[in-house]
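Each chain carries a letter (A, B, C, D, E and F) given by its place in the written order, and its residues are counted from 1.
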Amino acid sequence: MSIVAADTAWVLISSALVLFMLPGLALFYGGMVRRKNVLSSMMHSFVAMGIIAVEWVIIGYSLAFGTGNWFIGGFEHVFLRGIDLYSTSGTIPTYAFIVFQGMFAIITPALISGAIVGRIKFKSYIAFVALWGLIVYAPVCHWVWGGGFLTGEALDFAGGTVVHITSGISALALLVFLGKRKGYGLDAIKPHNVTFTLLGVGLLWFGWFGFNAGSALAADEVAGLAFITTFIAPAAAGLSWMAAEWTHSGKPTALGFATGILAGLVAITPGAGFVTPMAALLIGLIAGIVCYWAVMLKGKLGYDDSLDVFGVHGAGGITGALLTGVFASVGATGLLLGNSHQLLLQLEGVVITIIYASVCTILIGFVLDRTMGLKVTESEENIGLDKTCHGETAYNI
Amino acid sequence: MSIVAADTAWVLISSALVLFMLPGLALFYGGMVRRKNVLSSMMHSFVAMGIIAVEWVIIGYSLAFGTGNWFIGGFEHVFLRGIDLYSTSGTIPTYAFIVFQGMFAIITPALISGAIVGRIKFKSYIAFVALWGLIVYAPVCHWVWGGGFLTGEALDFAGGTVVHITSGISALALLVFLGKRKGYGLDAIKPHNVTFTLLGVGLLWFGWFGFNAGSALAADEVAGLAFITTFIAPAAAGLSWMAAEWTHSGKPTALGFATGILAGLVAITPGAGFVTPMAALLIGLIAGIVCYWAVMLKGKLGYDDSLDVFGVHGAGGITGALLTGVFASVGATGLLLGNSHQLLLQLEGVVITIIYASVCTILIGFVLDRTMGLKVTESEENIGLDKTCHGETAYNI
Amino acid sequence: MSIVAADTAWVLISSALVLFMLPGLALFYGGMVRRKNVLSSMMHSFVAMGIIAVEWVIIGYSLAFGTGNWFIGGFEHVFLRGIDLYSTSGTIPTYAFIVFQGMFAIITPALISGAIVGRIKFKSYIAFVALWGLIVYAPVCHWVWGGGFLTGEALDFAGGTVVHITSGISALALLVFLGKRKGYGLDAIKPHNVTFTLLGVGLLWFGWFGFNAGSALAADEVAGLAFITTFIAPAAAGLSWMAAEWTHSGKPTALGFATGILAGLVAITPGAGFVTPMAALLIGLIAGIVCYWAVMLKGKLGYDDSLDVFGVHGAGGITGALLTGVFASVGATGLLLGNSHQLLLQLEGVVITIIYASVCTILIGFVLDRTMGLKVTESEENIGLDKTCHGETAYNI
Amino acid sequence: MPMKYVIAIIRPERLDAVKRELQEVEVNRLTVTSVSGYGAQKGHLEVYRALEYEVNLLEKIKLDIAVNDEFLEPTIEAIQRGAKTNDKGEIGDGKIFVLPLEDVIRISTGEIGSGAI
Amino acid sequence: MPMKYVIAIIRPERLDAVKRELQEVEVNRLTVTSVSGYGAQKGHLEVYRALEYEVNLLEKIKLDIAVNDEFLEPTIEAIQRGAKTNDKGEIGDGKIFVLPLEDVIRISTGEIGSGAI
Amino acid sequence: MPMKYVIAIIRPERLDAVKRELQEVEVNRLTVTSVSGYGAQKGHLEVYRALEYEVNLLEKIKLDIAVNDEFLEPTIEAIQRGAKTNDKGEIGDGKIFVLPLEDVIRISTGEIGSGAI
């Protein structure tokens, strides 16, 4: 089958948009850490672009999208064997498909890094990302999108499960080894530059249009739908988060509004092309509130998910996956249309992913902790990772 | 009629580009205020994304583009009723059209915020934006683009009148209630971070290609024309502003060059798809100088349009609207081709919009001032709105 | 021939992406200079947008792409004469082609500015850029892409020679007149804001997809290939630079990783649409190491190419041009496929460009130095160019 | 020596007022530093991301003013007038420290002592 | 006058510890400034872009603490305890300077002298 | 006590020169703070967005240098040499303040007094 130029253009530009989410994430996270860790935190996003891009074309793509079995793809496309200029995937060149999917493989582990800022060894982070990409991301991606056992069962338009639940849960799991930052709970560890965080969420929203609407893999009506839902849900979630915060803690912070937008982006991801704009409005409103309280919970439970990866991506991803099962009405039917089975399928997808991601992450974490060690020394943490891991300071005169 | 995939791709990516102008605007404005108001100023842009996106799909779109009458659209598309996946507008899905137009509805009130930084209550700003979107934006948009009485009369390719004149004039009108910042005219209230402002104008220019060339609503020759004019005019305006400033005040500032680029972007907006590239060059050169002097005028008149919304969007929008009537030659004819009637129509559009926008803004301002109050207290202004309205500080250690 | 809408959409969005590289470059460079020169440095990129955009439509395009002779195009398209809404270039409107090519004409001289930050007069920089665009860029562009004597000979998919070798070499040549910054070699002149530099490279990578994949001038398989190679090579180069730095100097800096990404982007530019993804992987790995050592060389040779324009663009461009001659296998054949002639052609292109660019740059520099003077006074350099050339400071309270 | 080195810690938002008051009494040379401080002004709890913290380091402005003895009183009074949030004065309005100053040299002219202040 | 103006230069990463130690001895008013400094702590070579530099200006934190004489000893000892990188102490741990303080005025109340500290 | 606490306010662009001059006279310990100041150097009008302002707060650098008495003279002279814009000296070149210093403690070693400087 030959390619459709318009679909190709759309998937290519969408791929560029998703790549652009990485600097966006780097800013979003980097703004929230202290000055002494900002480069370290940004490097978590940047180095993922290096590591996973290379890993993806060498083996990741093959494991995720090779034919394989119910669990994982095969080795047939290792080093992109068997693919050339004229290979197609649907109406686009396979190269375009590989690159688009590769962007998702990059951002997912990078998301995790928000939980563990300021205390993970750089070397170990690299190893973690590389292993996690193979052991967690590639299989789950294969299950849901690559022909594995969830393909065609659980609805996941653009990665609510594959991207956000895996990363949100793994973030929590990794805390088993990395614990809290020094001084957590004693001193306020405040964002060193909230303007970065705002700008970051701007880049993320912009890029997310590629993430969600690009997942239609064609410039068609579904892309249009996924686009408008990705427009509405984050707006609604920003507002509902703000409302929750305003009433609960007295002031509507900019950081909160930005986080709310992100929560809405996460929550609409699995259903972007399956629900109506008005369902997106509801999903957004709900996600803003759910994630607000998920983040508040942290205070009670006392773990240091530093930049709230679980509170936003975990909670938001689960909320979105389940609500997709409720509201699906375009090209699929959910609970509200009488199909309660879909909600069960969604739940199944969520539960399996949670178990798989957390178990694997703990295993990877355990091995790395015993071999390379995961956590920096107390004195390195005090001085800050920019200086101790990277030998530089972000700001100079 | 079925959609054209290439046009859909083009309008979708253009929509994303226009959304991206909001973080751009947040940076542009945020860089120009003092440290203590930067988050407040950025939130003016961000919260508009929340408020208007939701308002637009609930009712704004229907009011602007519903059939209605000469003055305003109807309620037929409230909550996007009557639109589904397969609805089309021209050659693109209606969902794509809604979202593209929604981006314009967002940025317009956000532009106003530049005039009133550092002294408006956040709650009242939210109310203002919501009301203004319904009372000013929706009708004017309906007049010019939605089938109202100016449709097909006044030329406005991408919003010189609908976006820039409405916002530029409303900014002035709002000053009636908000007055000057404390210390204005006594101390230099300088931009806290000019690099943000430069980056912001970079994002704005980038996004403006979607704004103008996307307004062709198709990936066709007219899009190509609108793109190249949006390339030339801001370049020319940046240079002519710089020349004016260099000769008048002795140094070519970066802030000035950036503002000049913005002036060129504003001025080419109404004519982008109607004039030749060489006309765009002239429009840019003229706009840079006109807006430079419009900003200088402020010093004489003594009002505190803090970030020069009128000087740039008002003056630039009027200049552009009129020059479109002079230079129009592609798909329309202007004065230079002997059609002086068009210039009259342009003038009519400008005058009516100025009157309507200023009257309505004053009414809205009056009501809000009496009910919620518009201006913060002197002590809140002194401390800065980041702390007093949002309970946070942008920069921490 | 009529246009193809999808190709038009693709080239237009690619043009916007390339324009977006200018703010990216401004950040990349601006972050690396000291606080006192940041606006000056950013203005080098921004003012190039003004100067060259105007120059390009007035005469540059005609000189580069007019019919002309083996050396240079003619004056037939001065002021875009002879081109209208319906003119086409391949499958896209000529206006789109002009704008896309114009973006390349802008970024090339802007790249040079990194070598000479903190000591060039703004007025002279403007003159330099304008002259260089006519005397160096337009002819070389004509040779390689516009029908000149290298067209169809040397392979240069997206500007390895036209953009990177010309700018990298001219940067060195200009140092003849501008020498070192005061204190170079005595005090560490450190980047004032590495986060800007990281963000800048994020913008550059994002924009580079338009630069390289847009150079296919169609949304086709070749665009897909150029896209994926532009995905892989910088990732690989970032990693190999990091590896080189980590082993050689002990720490993997964020600045280094960012520079490595840039090196990979540069090196894949000439071959993006001619080599396979796996060749791109190799090119990236090689480029990261070559450029790392090219930068290290500076320390030995003692010239002050302040932000390493030669080390990255010069060395990377040469590496890429030659490796294209080695690895070319898609729509062209290189050394590995037995065509050693291609490598010779590449070498020829490289050598001629190096000679031409350096001779012309020295001539331009000589004339400007004698007439306007190129270098600021020592006291201006001490105080910083932001204050002395632009009358402003980037950061205020 | 008849000179003092006055160090005042004030609220950032009072800087303009203090400057104006000082100009009134013809003290128009000073040096400004951004600092942060804590003192009696406490108990300001802040919730950040689900945890409550006592925020103790608050942004302040430090003024260094070298004066001849006869200017000491007016200087202190001017600072007090400008720095008070309101007539009563609020916790956190700041402090003034007076240190002995032995000598002053004006770099440009080489002047020394009282005349150089 | 029985008061002193203590200026301490410490490592940024020790600020929290010093603050805690000071609170132990009930010195809970101070002013913090970001400074950079050089001193005995040298020889730290850095390679930046192919050139070796001796980095001499290092980030430090400066504390200003006005105390009554009886608090001087405890204050100094507390700073020493908090500021030492380890038991031995390392070059670069910082210095404490003690200056005479003639007077203190608390702006909010107008209190003067020891009581105002 | 035979020690002084020298505070110098200089132009930012002279910092390198002053550092070099100080090293010449073997004063190689100091603390640097970014400050802003105003003084005799005035009348510098700036137009910002259509309005004229008298810019009075200019960026300066503050140096804190604790010295033993015998180093005082050379220190002051070195600063003067390095800080002058040109031979005549210009308004705005800065000031040097000399304060009495009662005691010094080096944190790492616990050394006290002159030897600890």
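We adopt the following convention: a residue touches a chain if its C-beta (ideal position, glycine included) is under 8 Å from a C-beta of that chain, and two chains touch if they have at least 3 such contacts.
Keep in mind the model is a prediction, meaning the values are calculated, not measured.
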Touching both chain E and chain F (chains): C, D
Same vs different contact residues, chain D with chain E, by half of numbers used: different
Averaged-CA centre spacing for the pair chain F and chain A, given as whole angstrom: 51
Rounded Å distance between chain B and chain D, as computed from the means of their C-alpha atoms: 44
Whole-Å gap separating chain A and chain C, where each centre is the average of the chain's CA atoms: 33
Multi-chain contact residues (two or more partners), chain A: 4-6, 9, 13, 187, 190, 249, 391, 393, 397
Chain D residues counted as touching two or more neighbouring chains: 33-34, 36, 46, 99-100
Chain-chain contacts as defined at top: A-B, A-C, A-D, A-E, B-C, B-D, B-F, C-E, C-F, D-E, D-F, E-F
Complex contacts: residues of chain C adjacent to chain A: 4-7, 9-10, 13, 17, 34-35, 190-195, 198-199, 202-203, 205-206, 209-210, 213, 218-225, 227-228, 231-232, 235-236, 238-239, 242, 249-255, 257-258, 261, 276-278, 281, 330
Contact set on chain B toward chain D in their complex: 36, 183, 186-187, 379, 382-384, 391, 393, 397
Residue ranges of chain C in contact with chain E within the complex: 185, 187-190, 249, 295-300, 308
Residue ranges of chain F touching chain B (in the complex, touch as defined): 46-53, 55
Chain D residues within the chain E interface of the complex: 4, 7-10, 33-40, 57, 60, 62, 76, 79-80, 83-84, 88-100
